[in-house]
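Read through the structures below before going on.
Here come two complexes built around chain A, the first alongside chain B, the second alongside chain C.
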Partner chain A sequence: MTDSTTVVTGHGANGRDGFRHLVHAEWTKFRTVRGWVAGMAVGVALVVALGLMSAAGSHASCGMGDVETACTLTTGPGGEAVSDRFFFVHRRLDGDGSITVRVDSMTGQIRLPDATPGVRNVVAGVVPWAKAGIMVKDGVREGASYAAVMVTARHGVRMQHDFTEDVAGGPGGVSPGSPRWLRLTRSGGTLTGYESDDGRRWIVVGTARPARLPATVEAGMFVASPGDLTVSRGNLGGASVQVRFTEATAVFDQVRLEGRVEGRTGGTWSHDDVGVAYEPGGRTPHHPGRFTESGGTFTITGVGDVAPSTEGMRIESTLSGQAAGLVAVMVVAVLFVTAEHRRGLFRTTLLAAPRRGRAFAAKTVVIGAVAFAAGLTAAALTVPLGARILRANGNAVLPVSTFTELRVVAGVAALTAAVAVLALACGALVRRGAAAVTVVAGLVVVPHILATASVLPLGVARWLLRLTPAAGFAVQQSVPEYAQVLGYYSPQGGYYPLPPLAGLAVLCGYAALAAVLAAVRMSRADA
Partner chain B sequence: MRRELRAEWTKTRTAPGTAWLTAAVVVLTAAASAAVAATVSCPAAGCDQDVPRLGLAGIQAGQAAVAVLAVFAVTGEYGTGMIATTFAAMPHRGRVLAAKAAVLTGLTLAAGTVAVLASVLAARLILPGNGFTAANGHPPLSLADGPTLRAAAGTVLQLALIALLSLGIATAVRDSATAAGVVCGLLYVLPLVPHMAADPGWRRLLWQATPANAGLAVQTTTHLDDLPLGPWEGLGVTAAWAAAALLGAWLLVRTRDVRA
Partner chain C sequence: MRAAIEVIGLRKRYGPTVALDGMSFTVLPGRVTGFVGPNGAGKSTTMRVILGLDTADEGSALVGGRPYRSLRAPLCQVGALLDAAALQPSRTARNHLLWLAHSQGLGARRVDEVIEQVGLGAVARRRAGGFSLGMRQRLGIAAALLGDPPVLMLDEPVNGLDPVGIVWIRGLLRSLAAEGRAVLVSSHLMSEMQDMADHLVVAGRGRVVADTSVADLIAAASDGRVTLRTTARPEAMEVLARAGARVAVQDRDTLTVSGLEAGRIVALLGANDVPFSEVAAHRASLEEAYMELSRDAVEFRATTPGDGTATS
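Then we have the complex of A and B:
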């Protein structure tokens, strides 16, 4: 009688203590089965080995002609990779001031895919993100801090600064007969962009506080025209993206620069083809911009873009072995529950802990924690080391902030834990090891592979990564999609349709649902 | 051998999962094929799509059910201890393995044939509505067409070879979850490895060596020159993997103690 009272007290009054006990029991079960610990170790080893091997096998060199150099990236004030190529007609402005222009027209040319192989197929036209406007910049160095207000060919007026920031103004471009007035005013560290249809009524487009704008800046007119894209899909999956030359020409007049302005060469405007590349030999610029001035009217032609760049490898490309590692984790998680049923140990477990939901919760905690640790170990080794190997091999790896890198590593750990919980729950639901492993692999790994490495249409691939547990892989994406940059943002290129944490939430939702169903089944079914 | 065949057939026939899994092979293959056919489209200007391959794409889903069917055929017995009884009644272990392989092959060939016929029918009905018309060079899918027949028959054979490969692996590891993990790795993860290789020579070699890449070459009907392997040679790669797995299983089952 006394004994049974003690037992009831042990499980009833000290509930938390009892659960700690259960977790400890499950952890002891896990760590004493050599095969399970080995399985987790195999999972970690697969991620690290495949990741580092593929990084070691990836070599790149850049340069034109015979001169090969390591590929370098231009970085912006925030440390991200940027493209900073445009034609700039400018004067030095000291302290506060403002610049006002009227943009009268915007024309250009686009090179289309060759109709006859080898013959340049150039037509008149402007690409949607061709830009003409005014800019205040910390000198003419590539990647320097700036703020600009501009009119684009198809995206209306925009206010942009420091490459990644973009605010939309009024819609519509410029055409002969309907010019656009633009104004950029500096007051201390704040720049305000205005637009106007007539030069009298001004509308604020936006304000910007660029990261590092010194007292003396270069202020002036700029034109840029990003390359046009051709995407061709391969026969065996994958896509190749070709960037074609384009240029834009804009006409500016009514130019007024107010403030303490210094003319470097006798009060005239300086001009720079910022970021231009040179042909082999280093003298002839490749696709140069140009400008002419007559009677206060400036005609400026520019090539390139002032925007974040996504050209290069990403740190998460070192995680190529992750699918293999996850399969190993799934097997261990499924075995962690099905082995008990098979050996009849589960009946003993239930004798020791009759509240079945709690026994299962303890299992979930243990497998989740073990898988989190395994994923963390694998990613913390693979991502930094793999990125270092890639850079040492001359590859341009897109730089990301420490916070983003930590998010990727921690995200992989959370992804591994969620997959392990999902597998455990499926194991408890199905009770047949092979079926559970296949179902979980079919839910997590297969949709991801189909979406990123197959001939599936883009729309289907995106829906797979929204609706299936494979959405969780979004947590790896280190470089975001930029609305202001034309690109082929496909899952094959590493762009997921959901934001990182939303994707992880979808996967966790599936894992939680499966765990609840498993707990319900466990409390109702026979052991 | 007749005794063994009969015993294995009776066990397979009466096991609770067999009917479900055989149905799953058919349903998963046909449904996934139909889903792919429903989502692809061909613009009026024409498209460069391998239509038979699209119509048979459901094998990617169906092969998982085949693998589970094969794994259960072995690990079910190891899990319950039935295997000891089996070997006591039929001491010639190689024959037991051969009988299991024969029964499984028959079952997979039958299910695979139904699955492939259903897939082809679905594609034949759905694809013309999505712009795959005779006018832009894609007549309705028909088994009277030589390459299409080869793709369809090859797909059935690929499923049977995957079953044998899975049977070999399951016999070697004797545990259901582990066997399924290894087979899933072979079918779904290994095909990615060639993409990781930077050197084109290695990439080609790895592609030729992976059963899920090379074996599906048998489904290809366009741009055959771009393939690193011919269609039947590709199927031969899967056959070599299956043969190696069965050989390994035979050696282990002959020499090992009955239970782990």
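Then we have the complex of A and C:
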């Protein structure tokens, strides 16, 4: 008779084992309420359906002369979209060698908004990222691998290669009174850029190993000048961005090419207006560059930019249904906890798991895992399929690496999981379903909509996306902000102020804080 | 014998209200212990403190010698029914038990066993939201039995059960006790305990007012009283009152007499030619005994000593 009070049970003999059982129990709880499972499925369906529908409704075409074509993008050696337009005066270099020049001046002109409608308003000047320098490139094909060292108008000397890579050298531009010597040396696959103020003392700017540089390359002088960017604020807080024509003209002399140069004696320089666009009709170049040579002095005028391009649609633009999907996930996550409080079932849970933090932790694990799976399913379907539909409809979708695409998809899953945990914790704190959903939507979805719907000033929008849980949306940004490209990097355009993982960390911080508060509240109060 | 439940000096306040005021008792294995008292006596609070749901300001409550919150796989140590309405309405009865089973590392087979044991086999896959109160009580009892625990605590388990259900639960609890388990059953109705409990803990105003076996409690309440059955009630009352007895009317032909022993009553009635059909030592009902105790507990003493005998 007395033995029955000391029944030995083998179940949950150690803590970790017991926690596994609690997670199993919470999963059973979740899957046995049809409404919750259906709610998660609705969340996934909303993301997929809205995303694919908006992709299917988006069509674009571009013109090549009179012919309508699909919009294509130039891609660089890394697969990313690039802008590759500049004036190139070059000779063929076989194997190792070097090129040295002196840049004597850089001038240019900028077209400003028309003061008198229809009359071109052109002023003298150079844009900050106007470039003049020397380059080694795998031919003159747009998007080909290269390395270059250059003087810019406002950003000093730079060493750049393969479009995305950029290293700063010494500051300051060039003017007739203070020229700049530049040198680019090839040794195998490595290029080293140098600069000098006097042509005698050289300073290394940087080294580069371009992705695909064959034995024979084109080496020479180049000039480029990106469009002038004007951002004007709209009436409703939005912004309109204008990019207008500019050109830059640089004067080079003391040009010395060493190595096995084609036609070493009496050889001539070739010149190409790389990437030039043509007027309708396809014959006349639009805004052509030009060059003259006289007694070893080269005057080169270039238009365009050699840089990564962010003009085009993003893969994450297919996630237009995400806010709706997240709200469905929030509702389910909140109900997962508030339904227990409403029915008094919470006490039954505590009888089964008397150590309170553990019961809540198990619930967190389950809702997080379910939401992660839901987010992963939604994103893994929507992002690749949506991008494919967009491209099939003629849209230019900025290509990204497989790794980036995986990061976006996994990031959406993690974002969904973190939002679900935040919602669960708010449900446990507030204990009333409608109120908790309102709070979480107000923390996550509302700031994101405000920040990206161009109703707030840019600074406020950026701070919202740094400080609120909506920072987590940064994880889905597939195209980075490039320091060497002047652009209007606004949340509206899909640029978040925090890097992807940092933004996600902010959201996770909020979720963790709420979960801890909920656990503390739970362990203090009588049930 | 090792106590299955030990409640030691529990005190708890909710603001100005004293819920528990030194509640102490033990529950032993092998018998059904009734935990009775009027509403507000502190029964539910005590059970919730034992189960680790509420924290007492003072004192301690141990199950099998340990606080509930420190138990591993607690449902395998203590089975409890607190609130039969605590169910997710859209979840089926079986799934409700299934998540509880999984939380303790138990499998579906055990769920099917207890669901048959409480007679819900036919409705196991129906949503619990559609259950009657009686069915919910059975489901709650199934949950308490799930871990095959040596200790059972049931708060008002008879509520909502039909007569068949009441008979069933009495039999079930007695057989569980007979297997050597400790069973604590609370109720605010003493009559429910009559054929169910072996031992009683009577609570009032947050403490124990009696901790005794059912037999002792009834004997104490019956002390010195005699039941007289007669067709000539007025005459009998007159004769006995003249002899100094206190007489209370129990019903149309039954009187309860105190202050005179049975032999003397028979002699008096014979001498005065008062007919009677039965004279017997009075056996108080549990309800009467409880009323006496409760009166003390709630301090509603009768103002006239003559009204002291129970009449209902």
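Note that the second predicted complex is superposed on the first by the 500 of 527 C-alpha atoms of A that agree within 3 Å, B and C clash if a C-alpha of one lies under 4 Å from a C-alpha of the other, contacts with A are read in each partner's own complex, and residues count from 1 in each chain.
Here is the rule we use: a contact is a pair of C-beta atoms (placed from the backbone, for glycine too) under 8 Å apart; a residue touches a chain by one contact, two chains touch by 3 or more.
Values in this document were obtained by computation on a predicted structure and should not be read as measured data.
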item: Partner chain(s) touched by A:Val446 [first = chain B, second = chain C, both, neither]; value: first
item: Which superposed partner A:Val437 touches (first chain B, second chain C, both, neither); value: first
item: A:Ile300 touches, of chain B and chain C: first, second, both or neither?; value: neither
item: Partner chain in contact with A:Leu93 - chain B first, chain C second, else both or neither; value: neither
item: Which of chain B and chain C A:Leu50 touches, first, second, both or neither; value: first
item: Chain B versus chain C as contact partner of A:Pro354, first or second or both or neither; value: second
item: Chain B versus chain C as contact partner of A:Leu22, first or second or both or neither; value: second
item: First (chain B), second (chain C), both or neither touched by A:Arg34; value: second
item: Of chain B, residues touching chain A in the complex; value: 17, 36, 39-41, 48, 50, 60-61, 64-65, 67-68, 71-72, 75, 79, 170, 175-181, 184-185, 188-189, 191-193, 195-199, 202, 222-223, 226
item: Chain A to chain C touching residues, read off their complex; value: 1-7, 9, 11-13, 17-18, 21-22, 24-29, 32-35, 339-340, 343-345, 347-348, 350-355, 526-527
item: Residues of chain C defined as touching chain A within the complex; value: 1-2, 4, 29-30, 48, 51-55, 64, 68-77, 80, 82-83, 85-92, 95-96, 98-100, 102-106, 143, 147-151, 179-182
item: In the complex, chain A residues that touch chain B; value: 39, 50, 53-54, 57-59, 235-236, 238, 320, 323-324, 327-328, 330-331, 334-335, 338, 342, 427, 432-438, 441-442, 445-446, 449-450, 453, 456-457, 459-460
